[in-house]
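There are structures below to look over.
Shared between the two complexes below is chain A, which pairs with chain B and chain C, respectively.
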Partner chain A sequence: MSSILEVKNLCFSYDPNNKDGKYAVHDVSFSVEKGDIIGIIGHTGSGKSTLVQHLNGLLKPTSGEVLLNGKNIWDEPKKIKDVRFKVGLVFQYPEYQLFEETVFEDISFGPKNMGLSGEELTARVNEICEVVGIKKEYYEKSPFDLSGGEKRRVAIAGVMAMRPEVLILDEPIAGLDPKGRRDTVSMIKQYRKAYGATVIIISHNMEDMALLADKLLVMNKGSIEMFDTVYNVFSKYDRLKEIGLAVPAAAEVLRRINEKNSSIRTDIFTTKAAAEYLCAYAAGEKGA
Partner chain B sequence: MSDKQIEIKNVTFSYGDGEEKRNVLENFSLDIERGSFTVILGHNGSGKSTVAKLMNGLYKPSGESGKVLVDGIDTRGSEHEIEIRRKVGMVFQNPDNQLVASVVEEDVAFGPENLGLKREEIRARVDEALKAVGMFEFRKSTPHHLSGGQKQRVAIAGVIVMRPECLILDEPTAMLDPKGRAEVMDIITRFNRENGMTVVLITHFMEEAEPADRVLLLNDGEIISDGKPKEIFSDIETLKKAGLDVPQTTELLFELKQNGMDIDTDAISVEETAARITAALHLEEK
Partner chain C sequence: MKKVLKDITFGQYVESNSFIHRLDPRTKILLTILGIVFLFLADSNNLFSLLVCIVQVAIIIAFSRVPLRMYLKNIKAILPIIVLTTIINLFYGSGEVLLSFWRVTITTGGVNRAVYMAVRVILLILLSSVLTYTTTPNDITDAIESLLSFLRIFGLRTAVHMLAMMMTIALRFIPTLVEETEKIINAQKARGADLESGKLFQRIRALIPILIPLLISSVRRAYELAEAMECRCYNGGVGRVRMKELKYGLRDITAAAVMLIFCGGVIAVNILL
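Let's turn to the complex of A and B:
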């Protein structure tokens, strides 16, 4: 299978001369298959945000390369704008960047930049709003009259409207209430399903990562600590704790029970799966 | 002397003017007991942050009616502004916006310097505050080079160095990684338990309500529920109405109960949750 995105030996220093030899990202290599959802976790300052800003050419590697569909994105620096349409990046707190007078205009901003206009532009906005469930009655509202969660989703829809093959979101659910969190997560899933897109999400929310991601990339002090399935990553409990991370609450509870009784499994990471397992366990005990 | 740290009495607060005017709070009342630990939960736009900013006089009640008293002092009078800010310290979501100096200890000294205290007094207070948040060894560091949790601890030191009676925190852990969140929650809880500091914590993380004496649910500017953490999280209907969830741990217990297990669902912490399940499964030590 061919990778949609490949990062090879990427190093980045905020100081272009790199006098002190310190790197924000150091010798990072990984590849992402088309259609995967990759979660990136890591302590604050571990280099997560710096890394993803390389994937759409916002930052240029000090050394190493980023390949999109097998092609180095910096081969033709003048065409870097095209890369930014193919790899959409949603920043932290994207709602602070809403500035147009209406929701419709805000969502149109990206596709307009790509050169769409008139009916084509309207069709594009209509389509993305339908996919992610933004109702037409919102079109003429001012983004500033929306709730925090709604603003966030409009801002994300603005990036999705460019229909990127790879959608990257930096802390898309931070600061949202539980309903806002659910709505935003389901919006991301809908986008991926509709377009077969590849999704990369940075988050500190281990529960949502367990539910959403196919694989987790763990960053620690600028380097990759692990890049593996959700199962394998969350199984490394002690190491995750050491580097400032955690496992989902359900797994933490199972570990405590396991300390009392070692026949209890600890390798279950979502609340629902843990409940099913414990009920099955109870039934099994009764039967025995 | 009253045992009320903060009294909000029949306050209305609105943003904007004329046609744009919107009431966030209407005839809102709330008392905060001295030495208590209160958590305020509510969806985005429920009025939580407005309530917090009213509590230290950053916002004043709109119109003529209603008042906010801090230790009996009306926040409306500008002559008491400094006294009120000193009694009630406030910590915000993003530590990067709260740190101003290029060295940690200078940042923490910023407030006391403005009070015109003697050098030795400032030195003593800064050291004490940094020790209290476990950042003393970083006193010569640049805030920029610290982790998110460390930065937020420095921001908290910069507030407690003023020796406030009450600490208000508006989503202080929203941007932190799990370790940073645990560090900050640990410090807040300690200030309350050991120093008797009044704490008001606003958060979207339901599990952070666990150490509180009292949890308030805010919905569209109204308190729709007020009780102990376990009472609040056993009323799922009201939580759902407010757009909120139960903590993951409590949810696990509810799922088990729904699946027919005979189990108590009134636990929030990981330890308690594990203990409930161990009991329900009649697990022996193995």
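Let's turn to the complex of A and C:
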């Protein structure tokens, strides 16, 4: 496997002269393998959003570099737009960026900027809508008439339509109802399956992270605190609490039971696995 | 684009506790207007008259305890306008001919006029900077509301209050809108929007994906704010009392007296010298 995205010693300060020596992101290095799903977690203001804006060249590092397929994205500053097509970034509350008259037009905005037109453009929009399950009867609707969850999905599809190799989503499920959340998560999964894309998700929802991510990157005060498998990260319960984070609710429940009955395992993080384990445990106890 | 947005520094208030900061905002507004009027009443053929104005502004600036570089920054910002007025004024006026070429003549009167105009514009900027540096935008709107309250004899009481409230809200939301605009610009850039190149028409068209979401979110914000205000029983100012009442004090009288002495000085110098 080769790493598709590599960040080396990235530092960034919002003040170009950096008089006070404070960095929003400080000395961050990591690499992402092709096809991985990486979850980024961290308390508010830990530099998550600032970090991901470097990955598609919206922000230029104060020092350090970002390599996409082994090439520094700032080698040719004039071609930074191409990087943005390869690394798609969905911002927080992307539904606030919808602006076209129809859903179809809005999803076409990205591909149009890539230079697609006519049949090619229509085919591209059709394809992505099919993959992520946006029905054709929505095409001519105004995006402003949709429900919150639908708006969100149309906005995400607008980025997916550029067919980025790396898809980054900043809190894609924040503020959605349970159905909207399920739909959005499944849409991300479908996109990844269809194109073998690499996905990076910022989220505060630890349950979804446990379910979705292969690896977790934990940010704290602008630096990387941990970058490890979901299992290893969520095993460091005390440290996560210390930096204002938490483990998934299922793991928390197991911990509380464990305080009363120390034979209960605490290293299970998804709701489904925890339920299965507890059922098996209960059955075993009855049997014994 | 982004740089332009960063350069808009609004609410230029500089925190301090100087004599001028503590003046009643109404006093500051009235005295600023008075000062500006007298800048133009100063006789442009009389060096001493303008000198009085310079001394006056210098003293006010010294008392404001705002760093001098803050004032210089404001002058720098309008330097092109100063240079332009100076050059234009150079060609007007009569008197001894200093220089004459083609159809243009420069006279002593013209030079005189140009210098005076430049000095006046600079003093004008300095004087109004003192107001904005030492008074918070909220204080300014409160003062305007209070100063305009005489309009209530025409039955315009609510209108004056509404006007002041609108100004306060507009000022309050400038930073929010700037932030929002930056976010939208970044989001559309992430979708490959090109804002920096192309011909004029293309550039204007490229603003549509930014302006429409901005407009929609502003309307949304307005509704939210209106609802939040109604929830707190806002009813347009009738029977509303203030937490911070504006009150004139001894220092306002002192400041007014000093200003009047200087204005008297300008008149005296105009007549006597």
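Simple rule for what comes next: the second predicted complex is superposed on the first by the 288 of 288 C-alpha atoms of A that agree within 3 Å, B and C clash if a C-alpha of one lies under 4 Å from a C-alpha of the other, contacts with A are read in each partner's own complex, and residues count from 1 in each chain.
Everything below uses one rule, namely that contacts are C-beta pairs under 8 Å (C-beta built on N, C-alpha and C of every residue); 3 or more make two chains touch, one makes a residue touch a chain.
Predicted, not measured: the structure shown is a model, and the values here were computed from it.
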**Message:** Clash or fit: chain B against chain C, after overlaying the two structures on chain A?
**Reply:** clash
**Request:** For A:Y237, select first, second, both or neither according to whether it touches chain B, chain C, the two together, or no partner.
**Result:** neither
**Message:** For A:W74, using the defined touch cut-off, is the partner it touches chain B, chain C, both, or neither? Pick first, second, both or neither.
**Reply:** neither
**Request:** Identify which of chain B and chain C touches the larger number of residues of chain A.
**Result:** B
**Asked** In the superposed arrangement, does A:L176 touch chain B (first), chain C (second), both or neither?
**Response** first
**Prompt:** Is A:E285 in contact with chain B, with chain C, with both, or with neither (first, second, both, neither)?
**Reply:** first
**Prompt:** Where does A:M114 make contact in the superposed view: on chain B (first), on chain C (second), on both, or on neither?
**Reply:** second
**Request:** Classify the contacts of A:F30 with the two partner chains as first (chain B alone), second (chain C alone), both, or neither.
**Result:** neither
**Message:** Let me test your reading of the model: by the given contact rule, A:A275 touches which partner, first (chain B), second (chain C), both or neither?
**Reply:** first
**Asked** Taking the superposition as given, does A:G42 touch the first partner, chain B, the second, chain C, both, or neither?
**Response** first
**Fill in**
Dual-contact residues of chain A, meaning touching chain B and chain C, are none
**chain A - residues contacting chain B, complex** = 42-45, 147-149, 171, 174-180, 204, 206-207, 244-246, 248-250, 252-254, 256-257, 260-264, 271-272, 274-276, 278-279, 281-282, 285
**Fill in**
In their shared complex, chain A is touched by residues of chain B numbered 42-45, 93, 146-149, 171, 174-181, 204, 206-207, 243-245, 247-249, 251-252, 255-256, 259-261, 270-271, 273-274, 277-278, 280-286
**Request:** Using the touch rule from the top, collect the residues of chain C that touch chain A in their complex.
**Result:** 183-184, 186-194, 208-209, 212-213, 216-217
**Asked** Okay, in this complex, where on chain A does chain C touch?
**Response** 53, 56, 58, 81, 84-85, 88-91, 94, 96-99, 109-110, 113-114, 144, 158-159, 162
